[in-house]
Amino acid sequence: MELSIYLAGQIHDDWRDQLKQKAKQQNLSITFYGPQENHDLSDNIGEQIKGEQPNQIDRDDAASSINNFRTQLMMQQSDAVIALFGESYKQWNTAMDAGIAIGLNKPLILIRPQSLIHPLKELSNQSNVTVETIDQALDVLAYTFK
Amino acid sequence: MELSIYLAGQIHDDWRDQLKQKAKQQNLSITFYGPQENHDLSDNIGEQIKGEQPNQIDRDDAASSINNFRTQLMMQQSDAVIALFGESYKQWNTAMDAGIAIGLNKPLILIRPQSLIHPLKELSNQSNVTVETIDQALDVLAYTFK
Amino acid sequence: MELSIYLAGQIHDDWRDQLKQKAKQQNLSITFYGPQENHDLSDNIGEQIKGEQPNQIDRDDAASSINNFRTQLMMQQSDAVIALFGESYKQWNTAMDAGIAIGLNKPLILIRPQSLIHPLKELSNQSNVTVETIDQALDVLAYTFK
Amino acid sequence: MELSIYLAGQIHDDWRDQLKQKAKQQNLSITFYGPQENHDLSDNIGEQIKGEQPNQIDRDDAASSINNFRTQLMMQQSDAVIALFGESYKQWNTAMDAGIAIGLNKPLILIRPQSLIHPLKELSNQSNVTVETIDQALDVLAYTFK
Amino acid sequence: MELSIYLAGQIHDDWRDQLKQKAKQQNLSITFYGPQENHDLSDNIGEQIKGEQPNQIDRDDAASSINNFRTQLMMQQSDAVIALFGESYKQWNTAMDAGIAIGLNKPLILIRPQSLIHPLKELSNQSNVTVETIDQALDVLAYTFK
Amino acid sequence: MELSIYLAGQIHDDWRDQLKQKAKQQNLSITFYGPQENHDLSDNIGEQIKGEQPNQIDRDDAASSINNFRTQLMMQQSDAVIALFGESYKQWNTAMDAGIAIGLNKPLILIRPQSLIHPLKELSNQSNVTVETIDQALDVLAYTFK
Amino acid sequence: MELSIYLAGQIHDDWRDQLKQKAKQQNLSITFYGPQENHDLSDNIGEQIKGEQPNQIDRDDAASSINNFRTQLMMQQSDAVIALFGESYKQWNTAMDAGIAIGLNKPLILIRPQSLIHPLKELSNQSNVTVETIDQALDVLAYTFK
Amino acid sequence: MELSIYLAGQIHDDWRDQLKQKAKQQNLSITFYGPQENHDLSDNIGEQIKGEQPNQIDRDDAASSINNFRTQLMMQQSDAVIALFGESYKQWNTAMDAGIAIGLNKPLILIRPQSLIHPLKELSNQSNVTVETIDQALDVLAYTFK
């Protein structure tokens, strides 16, 4: 079995690299996708491609249209989605991407700390599996290959 | 035309009642659905129906399973979704419900203040219409009947 | 909101009547569907309509084709499914109907006694809500109207 | 033609190995999937990954959530499903998986002994093909390559 | 339950009227649809609406485009399809309409005489129910209301 | 049979009123939908609801987002689409709406003058029925009720 | 581009071999599927696998269930369908398979002689392309690679 | 990630070659599809394959049926669609293809000059990304690989 998995979540640390590293160590045949992790590039891509925009709202919309195009292509190609929540940041894109996965009936793993049990209870209940750490998420993936 | 619309968003003030009131004043044939607005009932419904749970996480899961069942039924019956974001609360259910609407290809109106333009730019770009006030959302609905 | 719900499960007692009665007492706008509860009719309907069959296997297939036609029509018209398991009978049709509901992405409530927690754990995990009694299932339905 | 087939059924003997062996002997290009056949691992996987759970019901739910995630991924990748029933065990997962295949409109082969004709008549009627032995199921697969 | 059913088959006798009559006598809530039964109108409708056509093939295509538009609208509104075959006529539209029902996963009842068992065996096997007479088909419909 | 039909095409004359009038005269049970026919309102609706926009492109996008929301809701509720082309105007919305109907597999009637046969040949070939006048389109609709 | 195409039609001459030969000569990357062309095998496959059946109708149903399983798998894997009609045989399977292709929205090429224009007019109108010879069908396929 | 992209738009200059060239220079793994760019072949393909047609309308319909068959196969295989509009030509096929992409929920990039902002505002709003030049469209594609 070969899997493709979209990694939704914040882009402020290297959690995706950790996950990819561990998957590689276990020789799991998984292609990982995820949002643009270069934050500045992600914010500037609209003006970078379409030129200077007249105001901040147009600048944001130009960037997000290109990010959304990229995400939709990757989500289409993915067999499952992992959504990671932490204690920092608004993480509305993470929740939105998890919702899209639910709407598309794609299997979903939620990673969230114990401190977020209550505010994420509806999302957790709609996920296939809820875990607390990246290692546990990887264990779930590894189990699908056993 | 008769419409059914699901109102995603926080349940801490009466924004849904305001919207319903205004829709009624304009004689729009719209049935509105939304999450359980009695916060205590929403949190307690699991134990209320299934009895005392052994711990907080089971208590939350019991409640959320019933809330999700209710929401899924209402979402199925809805022609469109309105998602309202404000400056308070985590609002992850709002973002998740908006994501589900996107995944299901249901038309989506986003209501959010100017202060949230940047963090909601991807969600705004995937919505059909983005406005800043409840009155503007109602104007959009009213226009579909003209 | 008006709901249509298919009641999957054994046909050897009056659990459906109890559920309908309680729904009526609470004035819930629900149309209930379910399998043919007259067991003899359900087993004989093939020969009754198509005439005597050459052997038992053809007799069974004739009956089941007509029961399946009836069930598929009802399932199509249903917004949600309730599947009830007890300690008696094989109940494979109940499990199959629950599986069909899962495959069709119809919201599913599972009713099962504590004694069946382990053998029904995968089905329970794929249901939206799991409860132990008919009264609890009705409470879940009633809550969707609140 | 290359096929992927999910093998639903009990995990207490080596029927899947027999089937795979025979497919290999005939050089059929088939990838077989199926549930976790290590019964202890299947029951313990929840606690093994997520740590000790407070009670049996949470332990079961943790395990089944991971088993269901694995099954859904495999079912998605499968072109057809074979469901085997025998005279032992409850086999509700088998019936549920067959139901999911029906709901997803995946071609389905049912293997069941003559003694189960009557209780499986509705499931048999909804299957594409019903046979009594593993060898017969393999013959059906082999025929699709001729 | 209210049903809508499309009646595919030849238009050279009054079999549809017989079926409707019997359904009415039993007070079954069924709306029946079917092809244009006025054969001349069905063949001429293209030229009648679009004017004289340059040759027979254009005349036929003009008529069939309008007949197909009509059938597609009716098929969309139907919960199930009944396809009747007799010993006369080519009946390729009947077989095509039955195939469309199968492709759309609409429940299908096949009515055919014993003499056609062999040539219709694949179609019969893909139908939900196969019977030999209009009365038997009506009995199947009546059973879904019991 | 009751039908809902979306009328795609230019909004510079009263062709929709003519069609509705004729349908009424023949007592056809059809609800007609279509784009906002008040051209100024259609162009200004963005600023009218969301306030003055910083430039023409934002003004256009604001208006079109609301028009598209309205059209998507109406298209969802429609059983079929009629697309009318004439010799004036770019009519790209008409072609886009016809394309959406094709993508959604909604039955489509094309009305176009003889002068546009060549440039509309691919669209005509993908439509269910092509006619030249409003009266002919109405005749097709009337025929579906016969 | 690599294509897979299902060849529906009679199995009494070598028309499929002719088509495959010509596709090979033109180096078109096409995998062709089709029904079992060994007529005796096709009729006997039920008894061959499942053992002697009690009567002709069970014998036919056993064979057709296996043929249908095979066809459904191949149709799922096909990007398009070619349906060939000639002046002999009932060809109801051909019409049914064409109908299934229409219901599944698979592109469809119809091959039929001039003598069958009238009885196949509805099927022709629902096909993407109608031609009269195998060579013309191949030309259409070759054109998709140009 | 490997992508397949359909390039809708006029066939009167070499814009597709430019785009393919640039994608190649950047080593993007993209397969590009598009309409038949040999205009004469595209117009004549009907008569070339099916023989001389009695009149212009049949000639056009023969050609367009084959072009549409080709396009539908390519669109099915595409992950996204790019639609380019310029100031010349009617470009109704471009708008229709863009509409089909919207109806099929395929990601869509619109390329159009500033002069067409107003007449393409609804199409732009339904596209994922709108740009003005081929280079910008390529930048968007390149970004999805970063």
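Here the chain labels run A, B, C, D, E, F, G and H in written order, and each chain numbers its own residues starting at 1.
We adopt the following convention: a contact is a pair of C-beta atoms (placed from the backbone, for glycine too) under 8 Å apart; a residue touches a chain by one contact, two chains touch by 3 or more.
Just so you know, these numbers come straight off a predicted model, no measurement behind them.
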Comparison of C-G and C-D by number of C-beta pairs in contact, larger one
C-D
Indicate whether more than half of the residue numbers at the chain D-chain G interface occur in both copies; give same if so and different if not.
different
Quick one: report the Å distance separating chain B from chain H, using the average Cα coordinate of each chain.
38
What's the distance between the Cα centroids of chain B and chain G, rounded to whole Å?
50
Calculate how many whole Å lie between the centre of chain G and the centre of chain H, each centre taken as the average of the chain's C-alpha atoms.
31
With chain centres defined as C-alpha means, what is the inter-centre distance between chain A and chain F in Å?
39
Among all residues of chain D, which ones touch two or more of the remaining chains?
65, 68
What are all the chain pairs that meet the touch criterion?
A-B, A-D, A-F, A-H, B-C, B-D, B-F, C-D, C-E, C-G, D-G, E-F, E-G, E-H, F-H, G-H
Note which residues of chain C are touching chain D in the complex, please.
56-57, 60-61, 63-65, 67-68, 71, 85, 90-93, 95-104, 117-126
Listed in rising order, chain F residues that touch chain B in their complex are 31, 33, 36, 38, 41, 45, 48-50, 65-66, 68-70, 72-74, 76-77
Can you name the residues of chain D that touch chain B in the complex?
54-55, 58
Once bound in the complex, which stretches of chain E touch chain C?
1, 3, 79-80, 107, 109, 128-132, 136, 139-140, 143-144, 146
